[in-house]
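I'd like to ask some things about the structure below.
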Amino acid sequence: MTDAEPQPTADAPAVAAAAGWRNAVNISFFSDLLQSIADRGRSMIMSGRGGTAKDLAGLCGDLLSSRGEASGVALAREILDRYDALEDAAKAAFLRELVQRFGAEPAALEKAIAAYREKPDHRTLLDLHKAAEPRRQELIRRLNLSPGGTLRLVRMREELFRHQADLPELEALDADFQHLFSSWFNRGFLVLRPIDWSTPANILEKIIRYEAVHAIESWDDLRRRLQPADRRCFAFFHPQIVDEPLIFVEVALTAEIPAGIGPLLAEDRSVIDPRQATTAVFYSISNCQEGLRGISFGNFLIKQVVEELARQLPALKNFVTLSPAPTFASWLARERRNEASQALTDEDKGVLDALDAQGWTQDAVRLPAVRRVLMEAAAYYYLRAKTPGGRPVDPVARFHLGNGARLERLNWLGDVSPKGLKQAHGLMVNYLYDLDDIEKNHEAFVNKGRVAAASGVRNALRSDLPSREVVPLQ
Amino acid sequence: MTDAEPQPTADAPAVAAAAGWRNAVNISFFSDLLQSIADRGRSMIMSGRGGTAKDLAGLCGDLLSSRGEASGVALAREILDRYDALEDAAKAAFLRELVQRFGAEPAALEKAIAAYREKPDHRTLLDLHKAAEPRRQELIRRLNLSPGGTLRLVRMREELFRHQADLPELEALDADFQHLFSSWFNRGFLVLRPIDWSTPANILEKIIRYEAVHAIESWDDLRRRLQPADRRCFAFFHPQIVDEPLIFVEVALTAEIPAGIGPLLAEDRSVIDPRQATTAVFYSISNCQEGLRGISFGNFLIKQVVEELARQLPALKNFVTLSPAPTFASWLARERRNEASQALTDEDKGVLDALDAQGWTQDAVRLPAVRRVLMEAAAYYYLRAKTPGGRPVDPVARFHLGNGARLERLNWLGDVSPKGLKQAHGLMVNYLYDLDDIEKNHEAFVNKGRVAAASGVRNALRSDLPSREVVPLQ
Amino acid sequence: MTDAEPQPTADAPAVAAAAGWRNAVNISFFSDLLQSIADRGRSMIMSGRGGTAKDLAGLCGDLLSSRGEASGVALAREILDRYDALEDAAKAAFLRELVQRFGAEPAALEKAIAAYREKPDHRTLLDLHKAAEPRRQELIRRLNLSPGGTLRLVRMREELFRHQADLPELEALDADFQHLFSSWFNRGFLVLRPIDWSTPANILEKIIRYEAVHAIESWDDLRRRLQPADRRCFAFFHPQIVDEPLIFVEVALTAEIPAGIGPLLAEDRSVIDPRQATTAVFYSISNCQEGLRGISFGNFLIKQVVEELARQLPALKNFVTLSPAPTFASWLARERRNEASQALTDEDKGVLDALDAQGWTQDAVRLPAVRRVLMEAAAYYYLRAKTPGGRPVDPVARFHLGNGARLERLNWLGDVSPKGLKQAHGLMVNYLYDLDDIEKNHEAFVNKGRVAAASGVRNALRSDLPSREVVPLQ
Amino acid sequence: MTDAEPQPTADAPAVAAAAGWRNAVNISFFSDLLQSIADRGRSMIMSGRGGTAKDLAGLCGDLLSSRGEASGVALAREILDRYDALEDAAKAAFLRELVQRFGAEPAALEKAIAAYREKPDHRTLLDLHKAAEPRRQELIRRLNLSPGGTLRLVRMREELFRHQADLPELEALDADFQHLFSSWFNRGFLVLRPIDWSTPANILEKIIRYEAVHAIESWDDLRRRLQPADRRCFAFFHPQIVDEPLIFVEVALTAEIPAGIGPLLAEDRSVIDPRQATTAVFYSISNCQEGLRGISFGNFLIKQVVEELARQLPALKNFVTLSPAPTFASWLARERRNEASQALTDEDKGVLDALDAQGWTQDAVRLPAVRRVLMEAAAYYYLRAKTPGGRPVDPVARFHLGNGARLERLNWLGDVSPKGLKQAHGLMVNYLYDLDDIEKNHEAFVNKGRVAAASGVRNALRSDLPSREVVPLQ
C-alpha cells in the first residue's frame, strides 16, 4: 500500500520492557534539532510583530488557524519564548487574552445545541462536545509540540495561579490546563525511579529544593537521607520531563513504628541492616510541581513504593507514615475559645493554658496533665471533628484516609521543632498502609465517612463524649 | 507544609536530557508490581460475575463510579483481561454496549445547556463541555491506568475498526479514542530512534512485519536495508510502548535522485561511502499501528529525519522520496473508458491499448509511444486530476504535498514488480523536501490548492490542454 | 600539588554499581577520535615505507623504541591496519619476524643472570625477570593502545594458529599472547549478560554463528531457543569488546532431567511455566573466540549461571548438563579391534557388530542386547578408560568433572542425529552441578583422579571387571 | 564439536559500540552473587585458622596451590576481607610476608638458567621467564578474581606505599603491582566520560575529594566548575571500577589565553557562549588513585580531550594549560643562596630580597624591578635549569613537555593565593598543545632534551647568559 495510509499487519505483541537501548537518539539532541526547525520557521513568522500580550495572543490565533504542522512547531516555540520574555504584568494580560479570545465559538455552539436538540444522537453530541470545548485546549495541545513544551506549560499554569487572585476569570484557563494535564500525566505514563546517592546531582538539587515537610539543610543532610542502607527515596517522573521529579517520598527502615521525627533525622543515629527492618516509615512526601496542583499522584506513589519495598525486603511487616498534623494547633485554639466546645471541658481548657507559656514542654509539673488532655483532644480532632462536608478537618488525614490507610497512632511531642510546636503542639501521627485493607478502608471512608482507626486511637477518646460512629478494627 | 497539598518552591529549571541513568526501575518490573496490586484487588472484584459483554460493561460502570484509585488499577486490568478473553462477537457486543451505556447523561446535558443559555460564561460553558463529554472518555482514561494499558487500548480500537462495517454506531466510540489518542500521542511525547542492525531483535521483527510498501522477505533482506553504511532507518516510539514502533521510514543514501526501486534494493548493488552521498531517498514509510489511524506522525517524522541526516552528513543536498502512485492505474483505466476524458485523446487511448497485453514492457516497438502517452497522462494525473474537494487524486501526493514537499520527477517504469505494474503501470514519483520551501509550499497547497511541481513535471503536461493553474517554481 | 604527580586524598570508597549513566562518551565515538589522532600521526610515519612483512616488523621496532605515546597510538593502529592488508603468506612471515626479532636480548639476559647469581635479591630477580621477558610482550601491550586493538590481537592469534603447523616456532609468540590474554581476560574483568530475543541483532547473529554443539539453523530456530519462557541464554563479554560474546551457554528449564536432545529442541514442544521447573539443563556451551583458546571461562560461566538461576527461580533443584560424548565412538571402535580389551568381551564385540549396519537403531530384535553392551561400555569409558596421564578419555568429561560436576546419568540414544550417531552411537550424558559438592569433587578429581559418579552410573559397570577405584557418592 | 574445546567459526567482525543495552546484568548483582559463592566456599576454608599476617600468607599459599577456581573466588575474597580487617602493623607484616614467601623459586630458577644456557631457544627462555616471575604476580591475578578485587588491590598498593619507608623490601611487591597494573590499566581499556552537573553525586563527591590543584571548597564551588556553558570536565574510568575516576581534567573555555587562575574561578565572572570561545584552558588535572602511581594516564587524557573539544567546538584555536610552577620558589631560594649562581647576579639577588617582606606584591615601588628579575629567573628556571639527568627541574614542565606541549607563556602573579605565592611567588605557566607539533616536540624533548618554547619565553632570558641550546620555534 502507500505512505499516505497506515497499513499495519500487526497482531498484538505483548508490551515489553524498558527503554535505554543504545541507539536512542537523545532528547537534548532533539531539542537542538527542533530548535533548528524552529529557527527556520521563525524568520518567516517574526517579521513585523511587536511584543505585547495582544500580539502574542495574535500569534496564538495563527497557531490555531495554521494547518501547517511544520510552522506549528516553530510557532509554538516562538510563542513560548516570547511569553517567557514578557514582564509579569504582560503575562497576566496574555493569560487573560487567552480566556477572552479562545473560548468556544458562541454561534457554532448555539448551532450545535440546536442540532443536538433536534436529533440527539452520537454525531450531534460529538459536535456539541467539540463546539463546547474552548479553543484554548487545542491551543495548549499545539503549544506542546514545542521542544520541552510540556514543562513550559506546567510553569505557565504556575504563573496563572499567582495571578488568579486578581483575575478570577483565569479559572477558565486553569480548567483547560487541568483537563489536559489529567490526561497527559495519567498514572499509566509515569515512571517510578529510586533516588539515591548515585542519582545525578541536577536531580538531587531538586530534591533539596522541593522537600516540603522536613527541610533538607545541605548536601550532607541530603546524603544522610539517601546513602545509609536503611534509607530509601522514590520519585515519579514523566518521560517528557526527565530531569524534574513530580513527587517524591522519603522512607526510613526501622525496627519499630517511630513516635517522633527527631531520632529519624538525627545525625548520629545508628544505621540498621535493612534486612532486619520490620517497618518502612514514609516520613516525608512532597509534590514538586505547583503547576500540577490537583493532578493526583501521591496515592499511586505510596502504594507502588509499598509493593516494591515488600518485594525487596520480605521481612518488612509495617508500612506507616510519620505525618504532621498541620491544623491541629489552630483547631485547638478555636476550641479553647469556643464556649460550646464538645471537644474540651472547661477543666481541659484550664489545663491547656499551659500551652501559652514559653518552654511549656520543659514544665515537668504540668506536663502530665497537659499530655492527657492534649491527646484526648487529638483523638477528638481526628475522629470527631469534621468539615461541613463531613470529612476530617485535618488535610493530611483526608489524604491518607482517602487512600485507604488507617489512623494507627497519635504521638505526643513527636516533632518538637519550632514548626512542629507551632502547628501541632508537637503532635505527630502514624497512618498505616495495609494493602489487604486499603480497598475496604477507602470505600468505607469515601462512601460512609468512616475513619479507620486502631483501637489505641479510639480508646484515647474521652469516654464521656456523646456517641458518634467510629469504625472499629476488624 | 504537608503531604496533603503540593507546596513546591520551584523556579523554572531548564528541560534537560535523556533518561536511562542507572537507577531507573524498569518497566517490566512495574508490570509485575502492578500485576501484583491488581491481583490483590481482583479477589474482591471477581466474585460472582459472569463473562458476557454486558457483565463487562457493568464492570466498566464500576470503574467509572469507583472513587478508589487502588481498585481502579486492579479493575482496569481486570476489564482489559476479560475483554481479551472474549470471543470476537462478544467483543463487538461489548464495544456497542460502551456506545450505548456511556454516552453523555441527557438530563445533565439538558440542564447544562439551559444553564449556559441563561448565563453564557466560562463556568456554564465548562459545565456544558463536561456534560457533553461522553463518559466513555473518562472510562478510557481509567482503563489506561492498567499496566500496558495504552497499547491494549490501541489494539481495542483496531478491533473496533473490524466491526465498524456492521456496527456503524461504533463511530461514536472511535471519536472518543481519536480524541484521547491525539492528546496522548502528541508529537511532543514521541521519541525518535534510529533502527539499525544493532537494534534488539524483537523490534526488528516488527519492522519486518509492518513494512507496508516494499515487503521485507527475510532477516537477510532486513539486514541489507539496515546494515550497509549507505542505509538508514528511523522510527517514532511512545515512551509507554517501548517495544512497538509507531511509524518508520527507510532511507537510502545515493549519488543521485533514483528513478526506480529495483536498483535500490538489489542484493548485489555497490555500497557507497555515506560521506560522498548527495541524496537521501525516503523509499518506504510505514505506519505500524492500525489502532492509531488518523493520528498523524509521518509529517513530523520526515522532517526530523531530514534535519538529522543533514546534521550527520553535511554533503547531502537532496532529500527526496521514491514513492508509489497507488491509484494511477485505476484512474487511467477510468479515463480510458471515459468518452469525455480531458486527459486522454482517442489516439492516446489507442496507444494505451498496449497496456492490456501481457509483457507489454518488453514490446520494443510500441514502448516509445506508450511511454510518451503514459507520462503525459501521469503529469495530468498529478497536476490536473482532482477530487471533488479539489485536491490531487493520488493519496500519496496528498500526503507529501500537504507536508510541503514538491513534486520533483515522474519515473517511467520505476517499479516493475507485479504490484508496481498493477497499481501504476510501473510509475514511480519523487517528492522533494526542501526545508526552506516546505512552509510556503504547504500554505499554497492547503489554502489555494496549488501543487508545487518541478518544471520537468509541468513540461510533461501536453501543451494543448485547457489551461489550469500550476504553481511555477520560483 | 601539581599535574605531574598523583596526589589523591582518597580513603577507600566501596566498589559500586553499573555503568551506563547518560554522559558516557561512547566507544564508537572514541574509535573515531583515535582514528583521527592516528591519522595525524600517520603522515609522519608512513612516508617511504613499503609493505613487506619485514617492513612491518620494522615499524614494530619503532613502536617499541618510541617513547612517544601519541605516536604510539597512531603507530599501533598503522601496524594493525597494514597487518590486516597483508596476504596470508606475508602474515605468516610477519609473525615469524616477531618471533625472531623481538625475543629477549641475549646479552642483557646474560648480564642479568650474572648479576642475579652474584647477589640473588629481589632487585636482581626483577631485572632478570624483565630481561627474560620477550620484547614481544611489550609490543603486544603497545599494539593494544590502538582503538579496537584487543579484538584485533585476538584475531591475530587466531591466524597464528593457522600457521603454526608450518611454523612451529610461532609457539613462542603464542606463549606471549596467552600470558597477556590471561591477564586481560581475567574473570574479574568479564561481564555476564543474558541473551534473549530483545538482544541486539548483531549480537544474536554471532550466537547463531558460534553455536558449536547443536547448530542453529535459522533466525526462527534461534528465536525458539531464546524467546520461550522456559529458555535462557547467558554470555560473558569483555568491556573492550562489546559486540562479541566470549562464551555462551544455552539453558532449558524442564520438569525433569532430560535423556535426549531431540525433545528439548523440537519445534512443537510444550512450553512450561518457568516457576514450575525443577531442572535447569545446560544443553550447549560454546566458546566464541578461537583466538582465546586456552583462556578458561566455561567453569566460571556455568557456576555464575547456576547461582543466578537459583536466585531467579527458587523452585529449581537440579542443575545438569545434557552433553555429548564426542570420542565415545572412536574409543569403542578401538576397543572392538583391541584383542586385549578389558572393556569388551568377545561376546560383547559380537553383539556390537550390529552397530555396523545402516539403521541399526531400528533393529528391534538386536537392540536390547546392543543397548546392554553399549551402556556397559559407556560406563567403562567414563569410569575406567584413562589417558596416559590418568584422566578420563572423554574431553567433555574432563571439563565438567574438572569443574567439580558429577557424572549423573548415561542416556541411551540421547542424540540420534547423524552427528550424534557418528560420534557416540547416540550416547548423551548428564553432568550435575551441586554447588555444595563442586569444591570436594573438584579436589578429589584434580588431586586423586577420582570421578564423582552417581550410583546409577557406577552400577552400570559390569561387575566382573577387574576392580579399580570409583569414587562413591557420599 | 563439544563443550570442552572452543570451536568458533567467526570471521572478524568490526569492533562496535557501547554497552548498556537493557539486559545487562548489573555489577552490583554480581557482587551479591559472587559473595554468595564466596560464602559457600568459606565455611570449608575458615575452620581453624587464626588471623595473623602469617596465617593470611598461608591462605595465599593455598590460593596459589589450589587448582580449584571455585574455591579460588571464595578464597580470594576471604583473603582480601581478612586483610582489610588487619591492624596497620599486621598489614605491613603481611605485605612483607608476601615478599619473602612468594618470590621466584630459587632452585627452579637455577635449573631454568642452566637449561637456557645449555640451549638458548624460545622454550628455555619461556621457562626462564616463568621461573623468574615472582609467584606474587600469579597471586595478585588470583586475588583479582574476587568481586571488586581490582580496586581492593589498588588500595593495597596505596597502603604498601605508606609502609615502604620502613620496609624497603616492599619495593619487590610494588614492582609486581606495577607490572600487572600497567597491563590492566592499559589505555586501550580505559573509558573517557564527561563529568558535569548531571553526573551521579557519588562520582561528584570524588571529584571534590581528589581535586589536587585548586581545591574545591563546596558543592556550590563544584557546580560553578561544571554547570556553566563555558566549563568542561572529563575523566578516565576503568570498566571494573565504575564509580571511581582514575584521573580528571577541568577545562575553561575562554576568549583568550588566561594569565591567572583568579579570574577563572571567580564566583562573579561572566559566562561566555562556548561557541564563541577560542581557547580551551586545562587549569587542573588530578590523579585520583595513589595506588596507581606510575601508571600514566595524563598524556592520553589531555590529547583525547583536545580532540573531543575540537570536534564539539570548531571555533577553538588554542589548547593550553594554566599550570603551577611547584618548585620555582624553592629553586629560586637555592639560587639566591648560591654564590656561583648562573641564574642570578648579585644585583638580582638584591632586588629579590623584596620577596622576603610580607605583602611584597603590594609594594608598588619595588614591584617593577622584582617583576623584571623574577621573570628572567623564571625563564632560566624553565629553559636552562636542569636536573642531573639533563631534564627541566620543574616536574610539571617535565610532564607537559614530555607530552609534546610547548612552553607558551610565563605569567607574573598568576596565582596570588597563599599556596601560589609560597610555592612559586605567584608564577603560573601556560603550556600549549598543538596536535600538529606534539609528535615533533616530544621527540626533540625525549631524544635531545630540547624544550619547545614560544619566542616570548625565550626572549625573557637575559641576553648576557652563557649560550645553551633552546629549541627555536619553526
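By letter and in written order, the chains are A, B, C and D; residue numbering begins at 1 in each of them.
One rule holds for everything that comes next: a contact is a pair of C-beta atoms (placed from the backbone, for glycine too) under 8 Å apart; a residue touches a chain by one contact, two chains touch by 3 or more.
Worth saying up front: this structure is predicted, and the values here are computed from it rather than measured.
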### Message
Taking touch as defined above, what minimum step count separates chain B and chain C?
### Response
1
### Query
Among the chains, which is located farthest from chain C on the basis of C-alpha centroids?
A
### Task
Would you kindly tell me how far, in whole Å, the mean C-alpha position of chain C lies from that of chain A?
56
### Message
Averaging over Cα atoms per chain, report the distance between chain A and chain D in Å.
### Response
49
## Note on the structure
Whole-Å distance, C-alpha centre of chain A to that of chain B, is 36
#### Entry: chain A: positions in contact with at least two other chains
16-22, 26, 198-200, 202, 243
### Task
Enumerate the contact residues on chain B facing chain C in the complex.
17-22, 197-204, 219, 223, 243
